[in-house]
Every structure is written in structure tokens, then in C-alpha cells.
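Shared chain: subunit A. Partners: subunit B in the first complex, subunit C in the second.
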Partner chain A sequence: MSTDTVKAAAYRVCETTGLSIFLKAQFFVKINAVLAVIFLLVGGIAALLLALTRWSNVMLLNDIWYYRMVTLHGVNMLVFWIIFFEMAILYFASTTLLNTKMFSKKLAHTSLALMFVGAVVTNYIILKGQADVMLTSYPPLEAHPLFYLGIILFAVGALIVAFNFFATLYIAKKNKTYEGSMPLVTFGAATAAIIAVVALLHGAAALVPTFLWSMGWMEMMDPGAYRLLWWGLGHHSQQINVAAMVSVWYFVATMSTGAKPLNETVCRGAFILYILFINLAAAHHLLVDPGLSSEWKIWNTSYAMYLAVLASMIHGYTVPASMEVAMRRKGYNKGIFGWFAKLPWKDPGFSAVALSAIIFGFIGGITGVTLGTEQINIMAHNTLRIPGHFHATVVGGTTLAFMGLAYYLVPLIFQKDFYMKKLARIQPWLFGGGIVIMSLGMSFAGTYGVPRRTYDSDFGGAVLETGFDPVAHIFLGVLGIGGVIAFIGLLLFLVLIVAAVFFGPSLKGQKMPTWQTDKEQKMTDELISKGYEEEGKDYHVKTPGTIVLVLIFLLSFAIYYFANWAALADLWHIR
Partner chain B sequence: MEEEKIHPIQKFMDNIWLLLALGLAIPILSYTLWGLIELLTIEQGTLP
Partner chain C sequence: MSIFHPKGNWYRPPTGSERLWVGLALAWCLVMSITMPWWHFQGKQNAPQTTYEVEPEAFIQRVHQFVETNQVGEMNNVPIVEPEPGGDAYLLGQMWRWYPVLKLKKDQTYRIHVSSADLQHGLSIIPINMNIHVLPGYDYVMEITPTTSGEFSLICNEFCGIGHHLMTGKIIVEE
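And then the complex of A and B:
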């Protein structure tokens, strides 16, 4: 970076990483992360109430409040928490990692104001009871205009952040603040930003006409077209999560173990597969829509020959393999899994990210690809199997990875230390464990046909006798118990973060305290500080442990996939 | 000093603007426009 450019922007040098942290960008990293956590709490409270309602022996809420909480939970968790946090990642990845100042502070303020006002307005109108339409808000369900307006304002704000991010990449390249290709984590963030642009444009196409309809200024949009466009927002935004989450995996893997990408080109290639093909996956949601052809459904749900799935499997190999290489270089060479046992499990940032990768891959990924198959989807569509899948990806995967990143953001960006470190060490296990239990409860209840987004699983008061096998109710209980455990894990996370950020000991002028032993941290620091020219050696370090993990994964995938085809054959007799 | 030759694939990977353009074009053509065309060309249903 040129001296002039550095002087033009007030910055500090991070004592732990040696990276330049630009103070203006740091403010926006902080404020977006804080707002994200606030909306996580709102969505989390709604989640607890929902879990205690779907638990059929409890049924805490009445029907009106159930649908209100489904709306509140969906909007806060899938939109506000996640996207605010992703905005923090975009500011960090484009300035600190590229060693450059932010493009425009004014744009950053404008976007922040739009996003905050949008989020507050949307929450207000939902809690006022004038938007019980759930996150999807399919017409002819109609909410108060402020519901649509709030989400539109939020989306416009997020789009401005994406613009600011790309403009920052441009000035970094122009000022030559980095040499060669941009760092992999920034490239992953750029992938997330590109997907975000696609998602937000679809959101505008779906919600602006719906807002005008709610004002009485135009006819209702065709429900089929709305669904197509809305899922271009709803599902694409989950792909922003995937790209951001994988970037976090790489970042935390480096910070916690000293790992470096095994092969930059392969990892970047996998991100490019996301950019090109992952957005087609939104078609999953429309697999039973009668207006769309099988050709459209099969082409789009196969992610263009499953290339985006291939990308996730590449990351699923390279992240643990890079850690195995790092651990073996530290001398942990005993057997196939000696390195695995010696990973820094006491570091909550690491354990959160490791659990995120496991839950995302083994539960979220396997179920997602299987349920996205057109024929199998017919068994699972609109049952609890679907939320069983996406709670493993979005919550067990993305949210847990973001929690892991927060354990690094607090000391590195907020320059504060944690209290109650023993509790911090168990927090990712508590939250991740709860989500796994809840997700499995949902999935198994769904296999009995229990529908999603339905207040009363037994359809009480129906004229004809309805209801499900009693075993389904046991799994609804499992769902409820998992939800309560996950909420305790979430609450613990919030307590730890708030205590550290607002009341924690200052770390100004100090390195980030290690979660490992001093000897282990020294070895990690040495690996991090070694130059790229030494990476070539990594190609020659074998990764037998990761290969075995990959084989276990592929076997699990095959068993689950073919078990579903067998189940379909049982239901759908073809002679 | 002679400039290092950059492989075309590496150049493609480093061109964030081209990736942005492709990232917009592929889903909009494959998912959105194709889907909208199918929905808009459904024939009017008739009562039996």
C-alpha cells in the first residue's frame, strides 16, 4: 500500500495479526455486528416460542401468535441477523484484508440508516399484528404496506453496502494495496456480495409491486410469478450465507490452527462455481408448482449438473485437509486421526466453525441435495423435513460459523476480552447440539407427514378424523427439547458477547489472548507468519484423516439418498 | 523487469467484474427469465 494512501486513512495496526484496521471501516464492522446480534435475540425468542408450540404436548401459543412468531422468526433470523452480520464481514474483508480504506463513508452511513429503519419498521408492524403473512408473504395473503416497505428499505441498504464493497475492491486494485490475486477470504466475501446483488434484485422485483398492491395502486401480482421472484430473494439470500460461511471457515481455520488453503486455484474455482450456479437452487421451492415445466425444474434443481454441490464438497475437503496439513506440520502425526484429536477444541471460535462444517455437511448438505431431487421432493414438500434441512444449513451451519467468527471479532475488532471462558468453551457445543437435536426431530416428524408452518399438527376440529402416528409426536417433543437447548446456547452466546463488548477487559495494545497453550499458539503463529512461497510443500503432505472423513461423508450421502428412493418406491408403486 | 505471465484462467478468476456479470446473467437467464416465460405462456384454463 502506498504511504500516501495509508496516511489518508486513520488506521491502527492489529497487535495479533499485524493487519491494518481502518477506523472508519472498523466502526461499520462493529455497528453491523451489534445490530446483527440484537436481531438474533429477537428471532431467537420467537424461535423458542415456536419450538414450544410445535411440541404438541405443550402448544404454548394460540394460532394467531403462532403465525405472528413464524413471521417474526423468519424475518429476523433469515434476513436481519444474517445480513447485518454479512455486512460486517464485507467491510472487514474489503478493507482490513486488502489493506485499504473504505470507498465511501457517506454511503456506509446511508446504508446503515436504511437497513436499521427497515428492520425496525418491519418488526414493529409484525408485532402490531398487521403482517401475519410469514416471511414468504405469498399473495393473496396481504400485510400492511409497512411490512413490504421495511424489507425493501433494508434490501436497498444492503445493496448499497454491496456497491460500497465493490467500489472498495476497485480502489484497492487501482492503488495496488495488495499484490497478485486478492486473498481467498476476500474472494469468498466477493462471491457472497455477487450472490447478494442477484438476491436483492429479485427481492425488489417481487416486493415493490406487492407493496404497490398493498397500497391499492396496482393489481395483485400473479401468485406464480411472485413465488418465482420471491424465492430469487429467499433462497439466493441463503446462498449468500453459504459463501460467507465458507469464507469464515477459511479465516478461522487459519487463525486457530495456522492452516493455509491447500490449493488457492482449486478453492477459488469452487467459489466461482457458487457464483455461476448456486443461485439456480431456488427452484427447489417450486418443485410442485404446476405452472413450471419438468425441464425447468430438473435443469435448475440439478444446479446445472450439481456443480455448486461439487463446490461445497471441494470446500468440505480443503478446509479440514488444510487443518490436517497444519497439524501434521506441527508434529501431530500419530495415526490417521491423531491430528484431529489435537485440534484446538478448547477454542470456541474453532469448535463453532468445526461443528458448523460437520452439521452443514452431514445433515444440511446431504438432506438438501436429496430433498432437492424432484421425485423425492414430492414426499417431503411442505413437511417438517424441509425446516429440518434448512435449520441444519442456516443455523447449524451459518449461524454457528458466525458465532465462531464473533469469538475472534470481539478481541480483534472490539479489542475486548471475554469473561466466563469455561462457559464460552461449551457454548458452541450447547447451541450446535440443540440445533442437531431439533433438526433431527423436525426431519423425523416430517417423514410421518407432519406439515411445516402449521399451528396444530393434529388439525384439531377438522370434520374428518386426522392426525399422525403417535411416534410423530415423540419427534415433535424431540424438536421442542432441541429448540430449548439451542435457545439456552444462543442466550449464553449473547451474554458472553454483551459482557465482553460492553464490560470486558480492554485489550488495546495487547495481542489477542490465546485459547490454546502457549506452546501450541507459538506453533500456530509460526505457521501463519510463513510466506506463501512455502505453501508448495503442502501439496506433498498427505491427508489420510481427511480422506477417511470424506469417505464417511460420501457413504452417509449414498445411504441417505438411496434410502429415500426406497421410501419413494414404497409409496409410489410402479408395476 | 519482465512482467510475469499470468495464466488466462487466473486472469478470469481475478476479474471480479466479469464474474459479477456472469453471476447475474446465468441465474437471471436460467431461473428467472425462463421461469417467467413459462408462467406467462400458460394457456387460459377452460371449465369442463
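And then the complex of A and C:
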């Protein structure tokens, strides 16, 4: 390995940013992104089938295939799509942004092979019908051993990528490939990688014994203990997604508007809050579980979770505020929101990221914190309110931000241009809009008690009959319609990406074509090139627009939060 | 720039509206942190805290005994059981039913023991929408006081195999 690091690295200089792109790392950015998109398609087809089944007037699938598709959808979206894409981000953030080659090509190949085999094996065994256990695979529910083995192989591969990432940070520091501190985007990616290690270790603690049990080599793990450990994987993974997503927000904010973080201390401090205070926050999945005391539940949600919430609220200010400063410096000073109207909405990378921040904050964040309150969870646990929440964070938030990044990845890394740019401009709105509609449909249906992961919302054929208010069925229809719109947005994304990557005009030796007018792009370029000289200097530009936006956010948050307490007070008494 | 390495010493505390926002956000997180324990003293709806360890077979025995001593009727071949107000009641989750049907009195408090005979289940009382998680091996005690009367359904909201969407039960609350 040591001879490897000394050898002169083969790289090219990016025509757009002037950064060095190392060809070996570039290969792994590309291959991980391509695999991510393939699994996104698999998960997306499952998503469409699920939306058309929960839509109670359609009920497309039969019960067996419904539960199989819930499992397939969960595994491909929450694990394979999102983690493959995050691997691409880790390779990019550790090499190009630090101006170094990657630590080990061999490790990169090994990890890729493990992850690919793991993903294929897991998909195979689910589709074969031997792992209808949902993503969570709660024992005593038992899947074929290959289900657990596939996920374990994938996780080991991801751990190796994280190791390769940390080793790359180390050699960059050692070889002094950059001065001072690492860039904020790399810092955010490092946050994601650190949380990933913690998450994957929890995952090993839950899934390795469960795999051994499915082989008949070990006793079954206690179901309560499994839930505690599994959510150490399941919840932390969402924090990986959040850290990676916020890094993408910062990256695209810089590339599209020339924004510069207002205060590196605040931004980095917020990332550190994610690392420090998320470790026990998985407790909010166990709020109405037996065997745990209220003190334990409250401590872990209020202490561990709310300081991570604070971190997200800080990023929710610093990202738009940095854009506001950039826009005001370009001269868009009219009123409080003049700058907001002039943002580069025609750039799908930008609009995807802006929508991601809005959906993540206003829908995903507010609902998540509220539903994660010990008592309020009584009226939310395992209802459709839960997927209503996390589709707004992980799809409307993370997936949409990653789509936004893809609009930069294709021209900058694949060096290909897009066709059908008009369609590209509406794609984030179509996908984001669909997800918002679907998420609201889920959330409102869930307030009637409609359960998640349940084939027939009316429990038709049960010995003791039951059913839901007709209004709940209207919301299930809204869920279905939103799901179809989001699927069309997803398909459009895939068509645009595939057309560009495999058949698009080459951009080799050219600057990335701008989505804005040449004049606007010139101002953005100036800010970016000036930004490097201005690193470490103070800004004294006010951000009245952003402060109004975040105050509206805080007000919405408080209204939703206290409305839920008011609704809780109407329930039967329970303790 | 988020993509460039900052030079020199970049440490400085937040200023202006950024500082205002960090302070407001922190204050809001503190408000939420205080509300949860406060509701334990002031509120009537809190997650149940009492759990006993129990073997599924032993719990099933207790349920049968409870049904034998307190049965008052039948609904679609499922026994209706009326526990003493203030007393213990048993509710068994199994693939795929909630057993038995419970008959309660409004504004009386009951200790309802809930557990599972087999897989994990989710107990959901509708339409009032109250939910707790049910694990095999754990006897979870809900001290519950119905404040409305009528017929309520129990459904399962944790996936428990192919008949999951057939798993129902009833609670009847009389004035």
C-alpha cells in the first residue's frame, strides 16, 4: 500500500471548478452511482405497486405480493439505493475535495464486490418468496438465512468503504495535499461515515446472531433486545442520510449560487452535534414498547434526540442564509424576499435541493420530532403517520437532494450533457410534489389509526369486523395519487440520467453548461473564485429573508406540536 | 466555500441573526424536553411502564383462566369477558386475533395485561387510535380508563405474517 501512495496519481483537472478529479476514484464514484440508480428503479417499481395497493379502491396486488413488495421496497430504497449513492459521495468528498488520490483501489474493489453480491442475494431471496419479513425482520418472524447474509455482506462492504474513506483523509493530511481544515462538504461526509460505522456495528449485533439463529446454530435473540439493536442500525442510518443530505445541500448551494457558509464554526458544530447526540436517539422507535422505563425513553429522546434536532434546525438556517448572502452580494437586494425569487430555480440541481430542504424541514422534521415524543407516540406508533413522516425525510429530503446532486454529477464526473432540459427542470417538482401529496395522504390516514404495512385497511374477512371512516379512505386515495405522480417523477429522472450517461453529448474538455443565464452564471463564478480568497473572513451581510423563513418554520412547528398534545388529551386515560 | 478548505483560524462564535436563531432553536428544544416529563405529572395519557417477564405458554394459561372465570357472553364465537372494575384483565395477541373480547365500564380503571403467543404484534384501538407494541415474553400492563363508551375495534399494526390484515378484536365500553 505504501508504494501505492507514493506513485504519482493520475488525475484530470475539472474545467468547471478547477478541482483535481482522480481517475481511479472517479471510477468508483461512477460505478456506485450507477448501481444506486439501478436499485432505485427496483425499489421504485415496488413503490408504485404498493401505492396502487394501499389505494383502497384499486388494491392492485394480492396479500402475498403486497407484503413481499413492502419488504423489497424497504430494502432497496433504505439500504441499497441510498447507501450505494452515499458511497459515491464518500469517494468524491475524500479525493477531489482534498486533492488526493484514494487510499486503496484493492479495498475499493473488494467492498464493491461484497456490496453488489449482498444486494443481489437479498433481492433474489425476497423475490423467491422466502423472506417476507419486512426490512425490520423482527424475530420470531424468520427469513431464509440468505436474507440476513445478503444484508451482512452489504454492510461489511460499506464498512470497508468507510475505512477506505478515513484512510484517504489520513493520507491527505499526511501528504499535506491541502492547507488548514478540510472543506465543509468533506467534514459533513466524514460525519456521515462516522455515524455509518456506529450504525453498522449495531446492525452486526442485531443481524449476525439472527443469521446464526436462522441457520439453527443459536437460540433466538430476545425480541425486545433485537428491536433495541436493530434500531441502532435503522435509526442511525437515517442520521447518515441526514448528514450526507446536508453536505449535498452545502455543495449544491455553493455550485449553483456561489454561497459560502456564514460561519464554519456553527456549521461544523452542528455536524458534531449529529455525531454526539444521535447515539441513543433510536429510543424514539421504542416509545410504546414493553420492558423500558419512561425515564429511559424520555432521557434518550429529549437529551439525545433534541440536540440532533437542534443541529438540523441550525443547518436549516445556515444553508438558506448563505444563499441569501450570496444573492444579495450579486445585487438582488429588493425587499425581504427579492433574493428568493431570483434564486436559480431553472437549475434542477438547485430546485431539487431547495425542495429537499423545505420538505425535509416543514414536513419530515416537524412530524418526526412530534411523533417521537413519548406520549404523542401513543397515537402514532405503527400507523400510517410513521411512513408519512419518513417519506418526507428520506425521500422528499435525502433522495431528492441526491437527485439534485446527480444533476451536477453527470456533467462534472461522467462529463456528459443532458437531453430534454425542459423536462429536467420540472422533474424535481414532479417528484417532490408527488412525495408531498403521498406523505400528506399517509399522515392524515394515519390520524384515523390506519396501520402501516397492512394489506387491507378494512380487515375484510376478519372474524370480528372493523373498518375505517370513509374520510380515511379518501386519504388513502390521496396516498395512491401522490405515489403515482412521484413514480412518474422518478421514471423521468431515470430516463434523463440514463440518456445523458450512456448516450449524452460528451463534455470532455468543456465547462459544465449552465442552467442559468450567462450573466447570472458569471456572477456565481465570480463569487466562487472570490470565495476561495475570502476563506476565514467575516461577512456582515444581514439575512432578513432567512430569519423570516425560519420564524415561519418555528411557528408551524409549535402549532403542530401543541395541536398533537391537545389531541392526545382526548384519548382514554392510560399509564 | 463549502468545497474549499478554510484557511487559518476559522473559529468564531455566531453573530447577528445567526446567533438569534441558534438561541431560539435551543430554547424550543428545551421547551419540548420539559413538556414530556411535565405531562407525566399533569397529563392522563402516558406510555405504560409496567412490564413482567412471562413465558408465552404461561400467559396463554392466564388468559384461559381469565376467560373461564369472567365470561359473560359470545360474539362470533369469541368469548366476551367482563373483568372487575379496578381489576386485572388479559388480552392475548396471536396469529391472527386479539383474544378475548373485553367488556369494560366507562370511567373505570383496569389493568389490562397484553402479550403475544407467537410473533410481535401491534395493539391498536380504533377509532380512538391508541397504540402499543406487543412482544412475546413480555407481559405489558396498560392501566387504562375508557372515557368514552361504545364498541371499539382492536387491530394489529405490526406485520405478523400473511394473515396480519385479518387480526382483529373488540372492546365494548358500557356507560
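Definition applied: the second predicted complex is superposed on the first by the 554 of 575 C-alpha atoms of A that agree within 3 Å, B and C clash if a C-alpha of one lies under 4 Å from a C-alpha of the other, contacts with A are read in each partner's own complex, and residues count from 1 in each chain.
Rule of thumb we're sticking to: a contact is a pair of C-beta atoms (placed from the backbone, for glycine too) under 8 Å apart; a residue touches a chain by one contact, two chains touch by 3 or more.
None of the values given here were measured: they were computed from a predicted structure.
Student: Going by the contact rule set out at the top, does A:G224 touch subunit B (first), subunit C (second), both, or neither?
Tutor: A:G224 sits against subunit B and subunit C alike.
Student: Touching A:T265 in the superposition: subunit B (first), subunit C (second), both, neither?
Tutor: After superposing on A, A:T265 lies in contact with both subunit B and subunit C.
Student: A:A283 contacts which: subunit B (first), subunit C (second), both, neither?
Tutor: A:A283: touches subunit B, not subunit C.
Student: Is A:S293 touching the first partner subunit B, the second partner subunit C, both, or neither of them?
Tutor: both
Student: State whether A:H236 touches subunit B only (first), subunit C only (second), both chains, or neither.
Tutor: Touch status of A:H236: first partner only.
Student: Please work out whether A:M182 is in contact with subunit B alone, subunit C alone, both, or neither, and reply first, second, both or neither.
Tutor: both
Student: Is A:L212 in contact with subunit B, with subunit C, with both, or with neither (first, second, both, neither)?
Tutor: In the superposition, A:L212 touches no partner, neither subunit B nor subunit C.
Student: Kindly classify A:I275 by the partners it touches after superposition: subunit B alone (first), subunit C alone (second), both, or neither?
Tutor: Once the two structures are laid over each other on A, A:I275 reaches subunit B alone.
Student: Check the contacts made with subunit A and report whether subunit B or subunit C touches more of its residues.
Tutor: Subunit A has more residues touched by C than by the other partner.
Student: Across the two complexes, what residues of subunit A are contacted by subunit B and by subunit C?
Tutor: Residues 181-182, 222, 224, 265, 286, 291, 293 of subunit A touch both subunit B and subunit C.
Student: Which bits of subunit A are touching subunit C when the two form their complex?
Tutor: 17, 19, 63-64, 67, 70, 97-98, 132-134, 138, 140-141, 178-185, 222-224, 227, 250-251, 253-255, 259-266, 286-291, 293-294, 297-298, 301-303, 306-307, 309-310, 313-314, 317-318, 321, 369, 373-375, 377-383, 447-449, 451-456, 459-466, 468-469, 528, 531-532, 535-536, 538, 540, 542-544, 546-547, 550, 554, 557-558, 561, 565, 568-569, 571-575
Student: Can you name the residues of subunit A that touch subunit B in the complex?
Tutor: Against subunit B, subunit A makes touches at 166, 169, 181-182, 190, 194-195, 197-198, 201-202, 222, 224-225, 228-229, 232, 236, 265, 268-269, 272, 275-277, 279-280, 282-283, 286, 291-293, 296, 299-300, 304.
Student: In their shared complex, at which residues does subunit B touch subunit A?
Tutor: So the residues of subunit B in touch with subunit A come to 9-10, 13-14, 16, 19-20, 22-24, 26-28, 30-32, 34-36, 38-40, 42.
Student: Which subunit C residues qualify as touching subunit A in the complex?
Tutor: Per the touch definition, subunit C meets subunit A at residues 1-18, 20-22, 24-26, 28-29, 32-33, 35-37, 39-40, 43-49, 51, 75-78, 97, 101, 109, 118-120, 122, 124-140, 142-148, 153, 155-162, 164-170.
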